[in-house]
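The structures considered in this document are given below.
Here subunit A shows up in two complexes: once beside subunit B, once beside subunit C.
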Partner chain A sequence: MEKRHVIAPATGSPGGAGGAVFGSNSAQWISILALVVFAVALPFALSKYHVFELTMVMIYAIAVLGLNILTGYNGQISLGHGGFFAAGAYTAAILMHRYGVPYWATLPAAALICFVLGVLFGLPALRFEGPYLALVTLAMALATPQLLKYFDTWTGGQQGINLPKPVPPHWLEIDRDRWLYFVALMALLIAIRIAANILHGRTGRALIATRDQPIAAVAMGIPTARYKTIAFGTSTLFTGVAGALAAIVIGYVSPEGYSLFLSVSFLVGSAIGGIATIGGAIVGGLFIEFVPNLANDISDAAPWAIYGLAMLLFMYTMPRGAVGTVWPWIGKALMRMGPHKIE
Partner chain B sequence: MHQFLQQIFSGLAAGAIYASVALALVMIYRATDLVNFAQGEMAMFSTYIAWTLVNAGLPFWAAFLITLAVSFVGGMAIERVLIRPVENAPVLAAVIVTIALLLIFNSTAGWLYSYTVQDFPSPFPDRPVFGALITTRDLGVIAVTLVMLAMLFIFFRFTATGLAMRAAAQNPESARLCGIPVGRMLAIGWGLAAAIGATAGIMVAPVLFLDPNMMGGVLIYAFAGALLGGITSPVGAVVGGLIVGVTENLVGTYLIASQLKLTVAFALIILVLVFKPNGLFGTAIIRRV
Partner chain C sequence: MTAKHITAMSLAVAALALGSGLVWAAGQYGPGASDTEIKIGQTMPYSGPASAYGTIGKAEAAYFAMINDKGGVNGRKINLISRDDGYSPPKTVEAVRKLVEEDQVLLTFNVLGTPPNTAVQGYLNDNKVPQLFVASGADKWNDPKKFPWTMGWQPSYRIEARIYGRYILKNFPNAKVAIVYQNDDFGKDYLAGLKEGLGDKAGKMLVATQSYETTDPTIDSQVVALQGSGADTLLVAAIPKFAAQAIRKVADLSWKPNFFMTNVSASVKSVMQPAGFDKSQGIITAGYLKDPNDPQWQNSAEYKDWLEWMKKYYSGGSLADVNNVYGYSAAETLVSVLKASGNNLTRDNIMKQAASIHDLKLPMALPGIVVSTSTTDFAPIKQMQLQKFEGQTWKLFGEVISGSGS
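The block that comes next holds the complex of A and B.
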């Protein structure tokens, strides 16, 4: 019996169907520049609360981007990324609360710690695939709140930790919410750039080859074990940084915030946005942040039923995710607009 | 020693429930290559149906049989209507659909029946027997599970439909060429899985009490049991479920405060899987380039 693919296998050039959001096409660059200008102007037109919501969208997008690297490009399903999100969040919280480290300096620390954790976790995970990996990561997601409560001398146990509020630089003269929006925006842009560099180069092709044709990949001389471990570490690095950012922006961490549901949300956001795409992460972030509230507005008796129906709707109409389905179409339109490239 | 044996027997009773749900997961995995994350919530919903029937005055076993029938039809309908559109989609899309189903069932049950914890009647009296080693209720649960397993074994081993279902799961293309309606077989598989889950839900409800989140923990242990036994092996699912039930009980009693029980139980299971990556009874997946 032939196994079903976890992710639809790539067809054509990895830069095409693999999901090139940051390609070399000049029309694409112009549209991206316009998007960035829009993103910079946006917080000045919105209320503080909406700015906060958008900040969270970007943070979730970074976390989902991390998951996309692992699940989308490397085919390893993780139900445990909430655990790494928590690791990043608590790294930031403990450093700020106990050692008075400034908030921006906690991000590299969270990145490093979550990378190391991811690699350490990725090594035994090499032996697992499909549902087995899902179980191992699921176990991690379940263990996270319990462990956070257990080591309460560090984590503050059930009460959690309150974080000092970050202060925006004086010369900028903007309020804290908008400043944090820009911090998250910078982080997202850097994350996208790094992910694009990794995924659209040799490493990305190796990851996709390992996902679609593991045996052929080995035969071609790709060290699949090393690439799988790298994918794990990079993925958890992104998610951990997102966790640290979330802790800083919300100003509070507690075990209840990192339940299994968070991990599931990341996977859902990832699948709905477009699993093997970079732009899909943003759609995923939007879904994670806004759809629960929307569902609550539609029916406060059974909001998660509405959320589930939204998931069904997305998966039936766009089984490859929003960006995975729509992007090739936009890409063709852009191709027609831009200078012609012979393929 | 007496306490140790007691813990083993009550672990077996819990394990029988995990084994049933694990078996349901394995049936669906073998047929459609996907882990049905909604299995537990489907069972929970079935249990609510049984609860409604019992409260309406039906005798317990009549309510039980009607619930099984309703669950069977419901499971088939879910496969035909909701799972079929993603039959050929990537596995991840199908997994997301089952997670969506989990949320829908959980939320709908909360909406219809509220999140209040309800008493559920047990058909078996609860008193200790065999020198207080086991209660009659645990014995009853184990007996019902064994009867169900025997019936399933007979169904798959000795009936034409059972044979056709095995063929459809093992090699859909060849089965179709032999004239087996593969789609209908998959639907029956989902129906059976739903009925097995319903049995597990009804058996566990008197112990855990009925609420919409009742099956969350059960599903996770069942998933662990299915994988421990080998996700491709029905026998493995049963053995794995029983092992998980006993391990969970022993870890909780002897090793560590119940706070970290789940974590330690999982760590042990994963340790076993590191050495047997395809589970105790599973077959290695053979891949071709």
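The block that comes next holds the complex of A and C.
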């Protein structure tokens, strides 16, 4: 139990690490509003390629946010979220390619399917704790590419599926990359809002109690099995929507895109950003998108050694993840500066 | 119109004509090309499940380094930006977009793998960026009507299988043919090509088919089942590990079929030797490149050039790896297209030149194999040479066979 406290010391307190994002006081709302204005203006100052990169950052952030709910707040480690990401991606691809469903309508479908899959997967997973659950989910990550190849009448096998290109609404007079940026931004904001609602309320406290003190939680009358299942379903819902968005933005799905490494990336992003935080998901998304490329630019010969080094550096200097470590410090600074109390 | 006006206008026309003349003299350039440089891009699986192919990208960079040392192409140095995509299509999309939009490359060259190429084919064609000499054995890169900016390079698996089918039909019209294939696109292309090669008689001649999964421990049971079918001709469309197993099993069963082996598993060093030279005698395959392990080439001038280049420019590469012959030959094909483009290095002209290669001979291709393309034929290499395994080497026999047409 001690270790878990180290990961996330902000047990249950809404003003803690993650709680500070999207809290209730007005200073925070103003800063959030400023952030949103910045996010809306940003794509017009950047090239299409950089806009595309930021879109991917936000998509990865949604996936990491999903993982944070499960691993950070509920203490269940998953190495298999790449599989749910793939499920969301293929839901979008199959609906768009075979049935001509518009891209935006595939997002709720992916959400529903991945929620159901997550709950179904969460039921047997209830019997496994910690490293054992990690192993079960690892099996899922390993099986994903092969399953996708096996059901080739639906998934297109190794050839994959080319998705039709989403067309921005013509009244907006905006190019596709910037439009998809805003679609992803909307999805991320909604995801953060929903996650904040869940995690800062009753359910969030129950999830954290189940993580930190399972026996006490049961004694208090928390149906831990139900909450674990809910955590699983909600988590995979987020990751599935992210997968669907990624498929729409990339325009192509194939089994090779959903290897074990993707699942590992999510976990790395989650830990780097701050595993039991909401804002950390964005840092995680940035890490997943940019660090492998940076590592490649630094050294052609050993990019993964650089990647590993970056990971070590992050974890050594910020053991609770970027947001988990930095946010309380900002909070204290703000408290000294202004009249608004953060804690 | 006054005289003044006319003078002004004629001056303007003259200036325009002169201006365009100057442009002609300096060369016409698309993105990435200039008087001193031709910038090209690619993605390669330097990491991930297909990283064994990464050596192709390194060999190509080494080939361009040699060309640059010799003064480049028409005085311009080739600058290859080669990015790792880990064989993951989403990563390919990102890397290729960066190459086109940020690095501003003139063209993409030899991007490796069927899924990565499929992922960027639409994007590159929409943006009219040449997707040249795709490194994939799939059959779909020769479609100039639908994808005028995409061109394959190597003979596809399907073309190769068609060649076996045609050879069997011509020489053993009463053969009972069996095939064991890997249960994915690679293997299924062989099944389809074999049927096409056998033509109308496929239904009668093809007596048994078996498939295996890459996760199977062996393909022994499939081989046993095929023998049981009474077949006297066998095509094995398997990757090296399973191909070696099949060779051993066929010998252990004392089965003596006419044995055809996919070119993918024709390596002397990684298939024939481990399976046993005594068990590999008489196997037939179709090839287009010289196997660097094959002693019959090792005294030729072409091999010696290759060897010298390997030692000087790619000393870290394996002399036993046929992929280093592949990269050398693909890079050479591109250099010939760039040379032919002269001072007109626009994307349009690059595609035009790539679609008008006439009987280009590559030193490390098998004798008789030539590269040729046209505006309706975007499959540069479609000939193969049958060869039979004798002693410790592949002996060429018969004529070069074309697998094009259906």
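Here is the rule we use: the second predicted complex is superposed on the first by the 318 of 343 C-alpha atoms of A that agree within 3 Å, B and C clash if a C-alpha of one lies under 4 Å from a C-alpha of the other, contacts with A are read in each partner's own complex, and residues count from 1 in each chain.
Note that a contact is a pair of C-beta atoms (placed from the backbone, for glycine too) under 8 Å apart; a residue touches a chain by one contact, two chains touch by 3 or more.
Not measured: the values here are computed from a predicted model.
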Scan A:251 for contacts with subunit B and subunit C and give back first, second, both or neither. second
Have a look at where A:132 lands relative to subunit B and subunit C in the superposition and call it first, second, both or neither. first
In the superposed arrangement, which partner chain does A:325 touch: subunit B (first), subunit C (second), both, or neither? neither
The chain contacting more residues of subunit A, comparing subunit B with subunit C, is B
Would you sort A:203 into first (subunit B), second (subunit C), both or neither based on which partner it touches? neither
In the superposed arrangement, does A:146 touch subunit B (first), subunit C (second), both or neither? both
Quick check for you: in the superposed arrangement, does A:49 touch first (subunit B), second (subunit C), both or neither? second
State whether A:162 touches subunit B only (first), subunit C only (second), both chains, or neither. second
Of the partners subunit B and subunit C, which touch A:213 in the superposed model: first, second, both, neither? first
Hey, what residues of subunit A end up touching subunit B and subunit C alike? 146, 149, 303-304
Within the complex, subunit A is touched by subunit B residues 29, 33-35, 82, 85-86, 89-93, 95-97, 99-104, 106-108, 110-111, 170-172, 220, 223-224, 227, 231, 259-260, 262-263, 266-267, 269-270, 273-274, 277-279, 285, 287-289
What residues of subunit A sit close enough to touch subunit B in their complex? 1, 3-8, 71, 77, 124, 127-132, 134-136, 138-139, 142-143, 146-147, 149-150, 213-216, 219, 264, 267-268, 271-272, 275, 301-309, 311-312, 315-316, 319-320
Residue ranges of subunit C in contact with subunit A within the complex: 46-49, 83-84, 86-91, 93-94, 97-98, 101-102, 113-116, 118-119, 122-123, 138, 184-185, 215
Under the stated contact criterion, what part of subunit A meets subunit C in this complex? 47-49, 52-53, 56, 146, 149, 157-160, 162, 165, 246, 250-257, 259, 261-262, 296, 300, 303-304
